[in-house]
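Structures given as structure tokens follow.
Presented sequentially are two complexes of subunit A, the first with subunit B as partner and the second with subunit C.
Right, the complex of A and B next:
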């Protein structure tokens, strides 16, 4: 009899769904009531907050910015993490374990400390800017404060460790003998990488990209600290709406939209990738 | 009751010394607070430690324990809102003048038994009522790095508009709309730009033109950037200049000219007892110690606030640094601007601010 291993997922799936719904249902519900200031809401159901969200530039711009920043981080993090993960996965010395341990240890460092470190590195008198100025690479110090690009750098710093660990696991599952076989048959190194390693690791790459993307969609600390009050991603706007303006209904609406858009992007990505895979199989 | 008593501050300065000679009697005699914890919501960034050092420790000397919850006033208000229907998260809450009205109107305060705050005798009558006791006054303006200004040939600023100097682009930190001094900043820049407390649009445009590197939410953020010389000027209160000077930083403070005859802005802080606090007497004891002359004088010297306690205020001019950085004379204080919260609309200002900063194009 064929083992139904997928049933093993059931308990964790149910638990995850319960935790997600239990925490989000309050927000989802709260978004349908009018704000009466100081955390008070009206009693009549209304679409007012949602209408306001989609008709007001500030919210739409913030949503677009959040998606752009998250997508940029996902893409850049993948580009930088993949080679690192590949090299570590293919290392035969004990250094590989040491490097993995270092990445794990680094991911334990709290995001606030990481971000503050970046701010120091990128300060006008910091080591990086001094070096770049001395080399004539830049004419004035680079700054990451108050720039969307700076927030991208901060989020990459936060997510890269996770990405390397995830990709390392994926690449380790690809037998090195496949690469050897392709090489023996005369494929140049880049072709082996492009035709063997990338396709085989693609599902893991996509999952990694989506995890990084999702982490960034909800990331507050980097956007708040590096954004310096000038970069309004949705999590920053949620914090300001709920904590500063005490408009819980609007805060709930923004949260609900953020969650819905994130889910939608995930589903669409998986759909596109599945279709591509099917098309590829058919052409092969 | 009136919403605010901005003018009380002006009157307070004018009356320095008049109340200085009035003594205070001990609040609770030999009462002890063994096993009692009083939870205080106040500012972070070392402010809580200073409050404890100069006032809060007296509660612990009598057997009690003080726990500080540090956050900006709006965050503390948010915690109170979130705790509706549940035990309150703290007993004493410190509020900026922007926050106190909401805290009161939200029903989060309970009446203070002023008999338990005998040090009120050293405060002006306008600085306490059944719901609140004044905790400090700050003077808002511009802190700037004198060395950087000199090196770069930038004249010392005299008003907010001077922050538009081309060499200051990206070298200024302006406080964020969510901080306690936001109303004072917005009113200051607005009046400087030709607007009024009812119409802050010109002020918002001026802030945008200044193009700050950062909008600071916690003063320490701006101080850190000032230390690293990433910023050369910041809009903040004179207390920060006091702290930076005591750390040896080359800074000066400007009370900006506003209009033809005004100079500088005033901001007030308030203390209240949280409705539903299980320890109101302990909270009142804490408040009494907070506004005592010794605590207020210590806070003035270390943190750069202007004391609400008349005895402590009378000593201000004895300190050369405070004399340099503060406006102390009646004539100068009389020309300072106070925000009229019947005209200034925080909700509207926040919406406009967010739209200006957060909207592209």
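Right, the complex of A and C next:
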């Protein structure tokens, strides 16, 4: 008798599917109703909220800002994490596991506490700013609060651990013997890196970049705390619209646009990447 | 430059890079721990601490401990439910073949793709909707938070159990069956012990995700049922107090201790392999 594993899965699937569909359908459907006061909504289906989103600068600017910040974080996080992941993946001692475990530990400590630490580091009377002022590097104290750049730093703390873990997994799948082979045949180190390691890890790198980008597009806590009421990314705007203005319809519209744009950017990047890969294979 | 020389330089640059990134990642945590021991009677934050004291530890407000207790209950419940949901899901995903399996896998991973703020608002709307039918409003209640956190955290269990199952040799189970074990007994005595590291790891990630969640808790919590991370979020926004640093330090050491214990139980390899939610 063969086990019917898909039957064992059925209750989980039904429950997950119910929670996913019920919550999303009820909520997103609200985007097609006009918000009346006190959290109530109209009864006629309308595109009004969507028209408002794309005709009101508040929303469009926030969308553009969210994309810019997320792209900046994805790029910076990737550039910083890749060498770390590579070095740890190629280490031959037990230390490599300890270093990775430290990353796991740092990743799963709540972002609220990391932001608390960042606020202390960048406080105007803090050690960092006193040192920078004394050295004459800056003329007034560096601050992250209420600055898009500060939100980028906060989001990097949110995503960097995950990026290192994912890239570590990617690089571990590339046999070190390939690098040895290229080296033995006389390739200089940079060439081995450029022609062997980068191309082989590229699919994983792109997936990692997209995961980091998606995490940032949806990130709320660090954006809200560091943005401090001055930097409005879409997730922060959703919370404000729902909690302080009780406009569930508009909140649903912003959420729908956020998820649709994120999905679109993911599909487009994957499309471009496959095209490039095909083109390279054809010309090679 | 000689060959030896360039290798040394490369090693130094690499070591410096790794050190820099780790400093960047750990600096906020180190600073929180350090500043929490500052004894000065002042409202701004001081790092490095000017005089060591446990002053702020005695001043942690009782309602923070209450919120902490609440978060522990919610986190443990959400982790257990995530396992009940996630282990069968992972077994089904790894061991059966059926058309549309990719879609099902994507459905199970969907909570990772939806921004947590959106999960928060949409569960709020769901609870109102269901409440109108059955007369029980889950908003602001522990069960309501547990269900939403289970939804949020279950992909981590599915990810880590799937990672272990994919390496599991089904012949072990077949051997047990051919020796006369019942299917349940074979599962309980052979399969379960092998996948346990994945289950533990997934459960711990699920707990930490629930514990650290702010956006979902902001929508579903209530004044009397406010989980810890959401409470800290509010205090940081409106009413800052250095005793926050003291309790944050306790949380940092608590989280590190939990990960250390898990590492002792399942080994570093299992911890790392299934990290990152798959």
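Following the convention adopted for this analysis, the second predicted complex is superposed on the first by the 261 of 284 C-alpha atoms of A that agree within 3 Å, B and C clash if a C-alpha of one lies under 4 Å from a C-alpha of the other, contacts with A are read in each partner's own complex, and residues count from 1 in each chain.
To be clear about the criterion, contacts are C-beta pairs under 8 Å (C-beta built on N, C-alpha and C of every residue); 3 or more make two chains touch, one makes a residue touch a chain.
Owing to the predicted nature of the structure, the values given are computational and were not obtained by experimental measurement.
Q: Which partner, subunit B or subunit C, touches the larger number of subunit A residues?
A: After superposing on chain A, more of subunit A is contacted by C.
Q: Should A:243 be classified as contacting the first partner (subunit B), the second (subunit C), both, or neither?
A: After superposing on A, A:243 lies in contact with both subunit B and subunit C.
Q: Between subunit B (first) and subunit C (second), which does A:162 come into contact with in this model arrangement: first, second, both, or neither?
A: In the superposition, A:162 touches subunit C alone.
Q: Would you check which partner chain A:125 touches, where first means subunit B only, second means subunit C only, and both and neither mean what they say?
A: In the superposition, A:125 touches subunit B and subunit C alike.
Q: First (subunit B), second (subunit C), both or neither: which does A:27 touch?
A: A:27 contacts subunit C only, not subunit B.
Q: Touching A:50, do we find subunit B (first), subunit C (second), both, or neither?
A: neither
Q: Counting contacts the way the document defines them, which residues of subunit A are shared by the two interfaces, the one with subunit B and the one with subunit C?
A: Residues 120, 123, 125-126, 224, 242-243, which sit in both footprints.
Q: Quick one: which bits of subunit A touch subunit C in the complex? Just the residue numbers, please.
A: 1, 3-6, 8-13, 15-17, 19-20, 22-24, 26-28, 30, 80-81, 83-84, 87-88, 97-121, 123, 125-127, 156-157, 160-162, 164-166, 169, 189, 214, 217-221, 224-225, 235, 238-239, 242-243, 248, 251-252, 255, 258-259
Q: Tell me, which parts of subunit B touch subunit A in their complex?
A: It comes out as residues 74-75, 77-78, 81-82, 84, 102, 105-106, 170, 176-178, 212-217, 221, 225, 228-230, 347, 350, 354-355, 357-360.
Q: Subunit B touches which residues of subunit A in the complex?
A: Touch residues, subunit A against subunit B: 37-39, 57-58, 61-62, 65, 120, 123-126, 143, 145-146, 224, 228-230, 232, 237, 240, 242-246.
Q: Going by the contact rule at the top, pick out the subunit C residues touching subunit A in the complex.
A: That would be residues 6, 10, 14, 17-18, 21-22, 24-32, 35, 44-45, 47-48, 85-86, 88-89, 91-93, 95-96, 98, 104, 107-108, 110-111, 113-126, 129, 147, 151, 154, 183, 205, 208-209, 211-212, 214-215, 218-219, 229, 232-233, 236-237, 244-245, 248, 251-252, 255-256, 259, 263, 268-269, 271-272, 275-277 of subunit C.
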